[in-house]
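One chain, chain A, appears in both complexes that follow, with chain B as partner in the first and chain C in the second.
Let's look at the complex of A and B:
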């Protein structure tokens, strides 16, 4: 096996693939990077058994200046190999595999010999039927991920909640995540010509990693789902993730539809107010802020109190406060995460009581995006 | 290992020069029992025995006479005590000892200020008397005054180790002062070669337990002398900062300081309880029962302090040796049921099925409790009721005793709570 390539292009792809490679792995070969050279291109593979990333550089990519002399496969220790490639002196590098998986990496006057491993020992990536796929706009997918992963649980005792629940039916995709204290749900109209139906849970960590390899120049991402794997194809990159097994709780019934008090805010202004209030709640390790809404007096006030440090109160800027008077407490971190996920827009917040979850939706589009936060009961 | 030529004691101006007393109550439990019976503590033949009813019961303390004459000491088993020794076996009364300890420390406090007074254990305290000389005289005069006063007011004989730092004071106490009247000893830096280096067993050194001793043995270090003549850089490589500390301790140098005592932050403080089980626990349900009991204890303590924990962990010791510990994040809580669920989950995840003999539960990442975070899947009403129920159980137990109201699983085979209700610090109150 032998090829030479532009180092800058190679590093870019290598960085993407290395996201999947852990420094420690239960299967030792997974700390390695697999390099497969065919007649037409070089494919890099990395995996940590949960996620696998495969990226191909083809000869048709001019910037890569890929010159293939002899096809073949090898597995190299990912961390060392990465360090070496990043420090080589010239832009062009050549990689040669000789007897006994001895690998030589040369660039300019520098030459490294590295002990490789037999690529036949590397696990096979799952085979996924290419026919059935959904195509999503890359920027929208990235947005859905950032809007939902904030609400996934980081607690291992209920593993199912560490994922995002994806439901596909007719022309709609629904993404829901909840850590049982807050919930985020996003709906999306999709083009589902094949009439596909899916009900799967994708680990939140996988989606966070996926989001990092979706670059701005990418237009579309293809989504293919099997029984226990999902494959995202983003340009030259294939991103595999295992799915979480089990039944996701029924979240539909959790979303309240009536309200006794409603109010509208500009997200940026409210976010700044909540951030100020949480300065004190964070410092005293009792992460609670209190919100009092008085429709008759047309007043909305946020309070936070730290027994040692002092307290803060701030009159909020708002629109359209209607309904009953309300006095509610909640974790400001949940509110901050939720507000950030909306971006700079106006939102409508609806409450039913001080002990029931309240909802946040964009004023412009109440249907497709909703955040739910459960309050804190104070004594 | 290279021979180290440097002498850390050469520059004596950089060495800590305080006046530290380390005071120990002679055979504290046994003395307290003797005094209650109107017997001279030094001449009494008393052994305080944990779990008197079982032959495997441990001697917790023996009076000086019993120690010297029969070699009975802490950890001797009941069956090793011969009838002809004519020892009086008494059960421990922990509450009495705690009370006596407070009384004695109250006397200590008259000889220095609060910052320079540090109760180290139930029968040992450190005093820094550097600033007390104009009031009370030289070190040995202060020591004598304390000894006289404690004896007069409480009947307890105290022994005093003195030194320029905490380590030397403690070593003077353990290796010289305790040996005989007048129950005093002073160790200075100049005594290091003649006294400190005569300690042959590394485990007799303060701060070296059997694990460190074992690791040091593997490096060819068998005595305090060896340790003092090891290469400090080598020790640092092997043990990190502890390596340097071990080395300096071997030279009698200890930089710890009572004024700059380590004060734990609220959020780094933890709440934990653990037990040595009375028998091997074999079944999952027995193990989970006892863990849940411990979790309930910890939860009660959290609630009493109006705090909640966001990390819960367990530590398990196997009967055949070996142990494991594991922890996880949880939503901040102090509810008994939630902590019990968490410990049961952790145990089921990590237990290898072998019999266990030690069980502990620890809660950390402590925060103040201002409210109860409601959840989407749990019935809000039930959650609130649970919190109220926990508080009511706490109140009833506080007022009428633990046995007045307890969870029924404590009656199953694994439960130890019922038997332990009368214990303080694991022994009878």
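Let's look at the complex of A and C:
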């Protein structure tokens, strides 16, 4: 096996594939990067058994200046190989595999010899032959991920809640996540569903990694689903993830549809106030801030205290406060995550009582995005 | 005590003073920030017993918009107070101390109450009444610090080597540091010494912190020394450090004055080569790279290897290689620190034998800056 390539292009692809490679792995070969050279291109593969990423640089990509002298396969220690490639002196580099998987990497006057591994020992990627695919705009998919993964549980006690529930039906995609303290739900109309129906749970960690390879220059991402795997195709990158097995709880019934108190905020202003209040709640044992809304007096106030350090109170800026007087306490970190997910916009917050979950929706689009936060009982 | 002030100016000063404040301290009050308000200004003090920093904002500083209503003193939890001040909603903030050291910080509609401490419990800063002072250009002092602290020992087994030895005599300042594996020495002519003579050892950590408060807009720093303290005055900031007690070893005799092999490098190119070689040395147990210089063949080559991962060799770019053939091994991290301290310039490296320390000096200024590295015996 022998090829030479432009280092800058190679590094770009290498960075994408390395996202899937852990520095420690139960199967030792998975700390390696698989390089497969065919007559027409170089394919890099990385995997941590949950996620696998495969990307191909083809000879037709002029920027890559790829010159293939001899096809073949090798597995190299990923982290270490990556560090070497990033530090080589010239833009062009040549990789040659010799006897006993000894691999030579040369660039300018620098020459590295690395002990490689037999690529035949590398696990096979899942085969996904699904003909049906769903095509999503790349920026929308990235937004859906960032809006839902915040509510994914990071506790392994209920593994099913560490994923995002994806439902596709009747030309609509529904993405929901909840850690049982909060919930985030996003809807999207799709016009290329062709009668597709999916009901799957994708690990939150997989989606977070996927999100990092969805760059701004990408227009679309294809989605293919089989029984226990999902494949996202993003330009030259194939991103595989296992699916979570089990039944996701019925989240529909958790979302309240009526309200006794409603109020509108600018997310950025409310976020700054909650961040200030959380300085004190973080210093106390029960990380809680208190919100008092008084529609008659037209006042909204946030409070927090730490017995050791002191306390804070702040009058909030708001619009359209209506309904009953309310005195409610909640975890400010859930509120911060939720507010950040809306971006700089106005939101409507609806409460039913001090002990029932409250909802946040964008004032301009109440239908397609909803965040729900369960309050904390303090009495 | 009561004053109001522009938050942006206050934060700038607070950031400087906070450098001296540790989040944990043997004397609990030292986790606090002392605020002293006089008729004319606000003085902030932070200390970790080794270093103390004091900075004053005066009413004459228009940007500070300082309005003093009532003088007084208070100590507030430093880290926490800093976080609050940085997140307040408006630029102006007001600080009021009431009964029982209860302190109220208000800005816009936000109001924090903090439990303060009696400032009478705060340690007194060292009194330095030395009339004699040495004035150094701020940028040069910063350069001297960065060039010498790299060679300071971080091992407490020989505490004296954790400092930089400063010798002032005959209108010359000499700064030396060594951890016994390497040495860095910088000389500076001074024209305002007025016959001053100092022989002191300043902790390397103190100098590193001092360096951070020497900003680009500063022209000069004054240096005052007493028996066991040094005071640097940098604009509105007073920076105190204790001195290390004991006798610094005689480093003069360590520096060789003759050479059997000499060579010139561009620091940036050599640094890149050493960084590449160190990728492999870092992965092996004895962190060593090997340098072979052959004046007859006009070749210079760097090698490193890790039994587990592989090996590297690279022909070096150099000028003016003269003298005897040499085969020497050294710790690449010492070499990297040394090369970075020269900045992008050409250097002359002089060797006497494979087991004797070698020296690095700038090609353009061989007299005033020298780095010395002890090789590693590998046979």
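Just so it is clear, the second predicted complex is superposed on the first by the 375 of 379 C-alpha atoms of A that agree within 3 Å, B and C clash if a C-alpha of one lies under 4 Å from a C-alpha of the other, contacts with A are read in each partner's own complex, and residues count from 1 in each chain.
One rule holds for everything that comes next: a contact is a pair of C-beta atoms (placed from the backbone, for glycine too) under 8 Å apart; a residue touches a chain by one contact, two chains touch by 3 or more.
All of these numbers come straight from a predicted model, not from anything done at the bench.
Contact with neither chain B nor chain C is seen for A:58 once the two complexes are overlaid on the shared chain. Legend: residue contacts after superposition of the two complexes on their common chain; A:172 is shown touching neither chain B nor chain C.
Shared contact residues of chain A, touching chain B in one structure and chain C in the other, are absent. Interface residues of chain C, counted against chain A in their complex, comprise 77, 80, 83-84, 87-89, 102-103, 109-115, 272-273, 275-276, 279-280, 283, 308-317.
Residues of chain B that touch chain A in their complex: 266-267, 328-331, 341-342, 345, 366-378, 380, 384.
On the chain A side of its complex with chain B, the touching residues are 154-157, 178, 180-183, 249, 251, 254, 284-288, 307, 329, 331, 355-357, 372, 374-379.
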